[in-house]
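You will see subunit A twice below: alongside subunit B first, and alongside subunit C after that.
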Partner chain A sequence: MTPSAYTPAPRRRFNVGERVRVKVANPPGHRRTPSYIRGKEGAIERVCGCFPNPEELAYGFDGEPKRVLYRVRFKQQDVWSGYDALAEDFVELEIYEHWLDPA
Partner chain B sequence: MSERNPADIGGEQDGPIDTVDHGLKFWEKQANALRNTLTSRKVVRLDELRRAAEDLGLRYYRLGYFERTTEALRNLLLEKGMLTRAELERKMAEVRRRYDP
Partner chain C sequence: MSATHDHHPQEKDEGPPSEHEIMSRAMQELLEEKGLITSEQVRRRMELFEQEFPQRGSRVVAHAWADPAFRKRLLADGKAACAQWGLELEADRLIAVENTPQVHNVVVCTLCSCYPRALLGMPPTWYKSESYRRRVVREPRAVLKEFGTLIPGHVSIRVHDSNADMRYVVVPMRPSGTEGWTEEQLASILTRDTLVGVALPKV
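Up next, the complex of A and B:
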């Protein structure tokens, strides 16, 4: 698969198709990764690019260094316990690199 | 575990969704205009406004959308020292007198 990026993200950790797991952490403050997806495993669907870190912008800082943003695809079955609809149902979230580990 | 922020409710049960378009009240249009002006001029950032709204804690749920975003903006401008409580109170008293002499 060809990696897509809206803005260049040359020094990124992950590429399209790679499996990742969202970090399990509950730090105080403005966090852009919803609780329900923490600890879940999915695959990189696209590389969105490199953006100022909103978790820093939220407190008036400049958001540097920029962070790579990915769209990550999760199976609904892997996200919700007891999900009994189609196995091909997905949910996609945009998640910053510092919230992701290799699965 | 730290307290979950009030906007982080994905997956939780909730009641029915009001799908009626209620339109915008005059003050809500003014609130949008002020917020858009301050974000487009980068006086405040959208991320700061979201954070200030989350900082309202349980009050976040008690307020309607425009009340919440306006209160967040007020708190942010006070935090940044763009205006003082005294200035704000003076202006609010002035405006109130126009309606309630």
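Up next, the complex of A and C:
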């Protein structure tokens, strides 16, 4: 089997379908969680696997320990106040586990 | 200035080099001096990005249109499906997302310009623009309309922000009138913009 996006993450905190909320925090430095999604609530769409932490890699560290990366699906209406279209319009982002809390 | 000769300030090749161009050049010269890379290797990488990689996305999705089993594998695990088909995608983790009569997909990177380069080559200027990155996440229908792509009101839109380690390619719906086409013919209508999701393939 060739290397895959879906490397196992056996010790993960969340499973597909679970509701999560992105942490509200404004730490300095290189962060991969866009500001617009902080504090928003969504559902785990898939588990992407474990990856070296890009917030450490950015400064020349080795990115260990690896972090679990999830794709999280958010309703556009929950992200933008006054979003004027279908309730089934979504925005999906990749969020590292340390940025997520159970909703 | 004629309509066919648009001015792209980011693509100018005249005038003094930017700070980043100078840094990049200096870095390359240092690496060459230390014998870690050669200018031939750099040239070859640029050639791959500009000539070979942009062809791959169309070929992969054309194959997915033609071969339902491959399509299924591609949607389940893009990188593994491509590898099995003989296409190694280097470091990219690929997620293929399919358009259906109910769902239209569009890709952006709001943080910078992450893009499936191994499948589509270098991102176009508009993809890197602050305007596209800022707006397509919050008003995708309006932005798609500006690209000439009208998504019916009953079709839901999924915006994929490739903000971390995954890369995305859209698998558009195969238009009617393409029955019996070869994969090469199919690839010809799978343009870059259809694979990013800002356009629909046209016969």
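We take it that the second predicted complex is superposed on the first by the 98 of 103 C-alpha atoms of A that agree within 3 Å, B and C clash if a C-alpha of one lies under 4 Å from a C-alpha of the other, contacts with A are read in each partner's own complex, and residues count from 1 in each chain.
Convention: a contact is a pair of C-beta atoms (placed from the backbone, for glycine too) under 8 Å apart; a residue touches a chain by one contact, two chains touch by 3 or more.
These figures come from a predicted structure and were not determined experimentally.
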Open item on the list: Tell me the contact category for A:Asn26 with respect to subunit B and subunit C: first, second, both or neither.
Closed with: first
- [ ] Would you check which partner chain A:Tyr59 touches, where first means subunit B only, second means subunit C only, and both and neither mean what they say?
- [x] first
Task: Which superposed partner A:Ala85 touches (first subunit B, second subunit C, both, neither) - done: second
- [ ] In the overlay, work out which of subunit B or subunit C sits against more residues of subunit A.
- [x] C
Task: subunit A residues contacted in one complex by subunit B, in the other by subunit C - done: 34, 36, 54, 80
Open item on the list: Considering only the defined contacts, which subunit C positions touch subunit A in the complex?
Closed with: 77-80, 83-84, 93-95, 110-111, 137-138, 140-141, 153-154, 156-166
- [ ] Spell out the part of subunit A that touches subunit B in their complex, as residue ranges.
- [x] 26-31, 34-37, 54-55, 57-60, 80
Task: Residue numbers on subunit B that touch subunit A, as the complex places them - done: 1-5, 8, 10-11, 45, 47-48, 50-51, 54, 80
Open item on the list: Residue numbers of subunit A touching subunit C in their complex, please.
Closed with: 1-6, 32-34, 36, 48-49, 51, 54, 69, 71, 76, 79-80, 83, 85-86, 88-96
